[in-house]
């Protein structure tokens, strides 16, 4: 018995990945536990050029969750490769480079740069607003998503995971479009578009008005989306959304996820991801599961 | 490898002034003045995030926080009783760097006094203390015990200097000032100190992770975006842009 | 100062309505406080014929929320009119008859029956599965929704509020389609389609696999949807979703809702709706608001 | 108009057997045997729903619940200390209707004993008690004090009848039986009682509102869908379909 998972031909020592934007580039958590215990890490969203992110408030707590408006603050891919990647490459962990962008060209140039690194997987974050298409997010409309995925697919030989937004109009069609455009796998979900208002100031909390909701509050919806998308496509899925403990992780696996990502839970407990790895292994022992494949998608549907 | 999570028993938790509480916990705690912990006193997933609170004192495996009742989280904290458990993550942040040979003042506004008690104590009788309050002052005995000179202001007077703490201090008397309090106060002192006196300010911001990985608590500085939780909370005032 | 709201020419003594399915037909709560203190009540969903509802588990708690799979259990419109309506008509409260159905014909016949009563408003719940259209819910696709709303519109002279599902593909287009088809107003949102799995049994918790998520967990998303739809249409909106206290209610009003509904909060505290009425009035006093219109939609957008 | 919400102070809260707790609260409580309260011992929105717990005793403005540690909610309840507050909604449900002139037995399985203590007490020494446990029995003194005869079974034996409580009772000895416990037990007794002995069973189901308005707790009966919280929790066994 072990919790190893093969995903797109890459070996994950367990199905647990630290979710993008919640784990930095791993260094801070590595002060508390050896992050090599995890199956993988998805980097904070990277863009071609440095971004200072959004001004104003960035974090707002909600019932069993939080909203964030970080705005993809990151040093840009070049400095990431110089300053952050060497540390990660020394770790025994699968790296997913989470790639954002404002335009197809930016995504493509970013993907090309990442293609030259030793990172095995690009996780394409298509939830960013698409400036050229009039501010509509790539993640909403499947036709726009198809274009960007197709272009990025041509720009890199890396495994390409497309991260879907739950704000997509028709998440199953979105998934199919991305697969058709060349996605090797899908990760879902990103944060839910949400709103909070300061009733005393009579203004939205966030400068951008809306922001992204994450945490256990969204888990039941995220789980349904994973289940639904699993039925619609034939590629492996990385389940994300409100996973707090191993029970939640197992739910996503039973709904059809091959791997899972832990996001906001890391904020409640710096050891959350580590505990989830341990919990999954204990569950497998107790339930006499020798390979997670035995329960992946077991609730059926397809 | 650091041990980040500590579970502590409540030794005491009481209101020490109107809406101001002091909680003392037993545990293997560490930390320097200006550092903080992420604190949680509930199991349910609402409230979701832990609350950043500055170390107000550490001695004999006991840690104290002094906190103001604001919202859900501090309300939960205020309601817990002796022998119940509190979850701590930390110590976090950089804390104050002190040069004991310089002539030093500490300036606090309101609950900003909390970390300053620990700072004064650590550099016993070495610093002058200026504490401002909106109404009734608190932690005065602690200040008296550990400061060189103590100056108190209250916006309501109440027998103390009636007005702002910034009216009491002559910044030119000091080589270095350590300040913690509301942003308008920090801004006012920063203006007074200008380039003459060194000024270190402890900043606040909304936090999720508390350890530097979510970028939720960043502020703009002259040296780029900085994380209050990891690069701060103490900053050289020259670095910080003060907004209101 | 008072919290009266005029809505489609009908006078609500305050903007607080008890949400459908969480307040029965008012009787049970009336044992604890005079429900006439509320602005309105939306009845448990009614269908042409009696429904015994779903078998198996019906309630499942989630972080800061719950999932339900009641399945529209109700005595049918005739028995509702005989057994339940007389009690409600004696109360000084605006009644919204929440109408469900499995087919356009059923909706139309139901609306015709309700048309003969003294109930001023029909709240059309279009989240039910549309058996004829191959199980697709009326609430998902705007073309299907347009059809049912148009037919019901012709069947009744009552004010017609269409209750939208957050599962709609494009909620703004859905709103526009309903308005075009004759909706006088919109209420949103209904529950979010969600999933929960019993990992020990390796089976979904609910017989129907998915169920509806409600409660404060969904509030930030519901609020965003109200804000978004308000920008898309010119009819008044009833805001619903996770409202627990007066602050939440005010947020919905500031986002653009003319009235609000309190659902799951009634389960946490039988007096929740009453407290929200009182809280809104205190807030108005404190903020010197003489009519809620002054702050309705104040965060802007349109 | 009923007063539905009661805020009570904890007088005592302790483990009385492995995983079984008894909490006693002070407040203006009412209620009859078989009725229950929706109980909440936390402020945050997670856990979201209150927990249904049967009245196990009421006297002198004090109420007791006996509960088994199961999940999040009962864990929160078990962790609260003397003088903390608990929110109650109730009393709810129909409760047992008793005819004291009939020869009566009470049958409980596991934590199903909780409401039966109050029932026995109310009809002091008038009823025979049959209590079954998985392991170590609890609340035995209370049963002894108030039952006519007491019969105990434990699946682990432990000096008691080793096996199921249903093996101890001869249903024909009684005019009426009141039962509370796991569904398989209720089903077994229902089978034994058939049409000869009257049988009233206290049912459980997942609840949201607890007062009859959400239809979350309905069960199928021969008389249509019934709400456990409002039409029950006590039902004539003849009405109920027993599934497992």
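Each chain carries a letter (A, B, C and D) given by its place in the written order, and its residues are counted from 1.
Definition applied: contacts are C-beta pairs under 8 Å (C-beta built on N, C-alpha and C of every residue); 3 or more make two chains touch, one makes a residue touch a chain.
Here's who's who by UniProt: A, C = Dihydroorotate dehydrogenase; B, D = Dihydroorotate dehydrogenase B (NAD(+)), electron transfer subunit.
As the structure is a prediction and not an experimental result, all values here were calculated from the model.
For chain A (Dihydroorotate dehydrogenase), the chain with the farthest CA centroid is D.
Counting C-beta pairs in contact across B-C and across A-B gives the higher total for A-B.
In this assembly, the C-alpha centroid of chain A (Dihydroorotate dehydrogenase) lies 47 Å from the C-alpha centroid of chain D. Distance between chain C (Dihydroorotate dehydrogenase) and chain D, defined via averaged C-alpha coordinates, is recorded as 36 Å. Counting only residues that touch two or more partner chains, chain B has 45-47. Residue positions 62-65, 215-217, 244 of chain C (Dihydroorotate dehydrogenase) each touch two or more of the other chains.
Taken as a contact graph, the chains are fully connected, with every chain touching every other chain. Within the complex formed with chain C (Dihydroorotate dehydrogenase), the residues of chain A (Dihydroorotate dehydrogenase) that make contact are 62-65, 67, 169-170, 192-197, 199, 202-204, 209-210, 213, 215-221, 223-224, 227, 242, 244, 247, 250-251, 254-255, 283, 295, 298-299, 301. Interface of chain A (Dihydroorotate dehydrogenase) with chain B (complex): residues 21-24, 28-29, 31-34, 44, 52-53, 55, 57-66, 68, 70, 73, 215-216, 244, 264, 266-271. Residues of chain D that touch chain B in their complex: 42-47, 72, 75-76, 79, 81, 83-84.
Interface residues of chain B facing chain A (Dihydroorotate dehydrogenase) in the complex, by the touch rule stated above, are 1-5, 40, 45-50, 89, 206-218, 220, 224-225, 230.
On the chain B side of its complex with chain C (Dihydroorotate dehydrogenase), the touching residues are 45-46.
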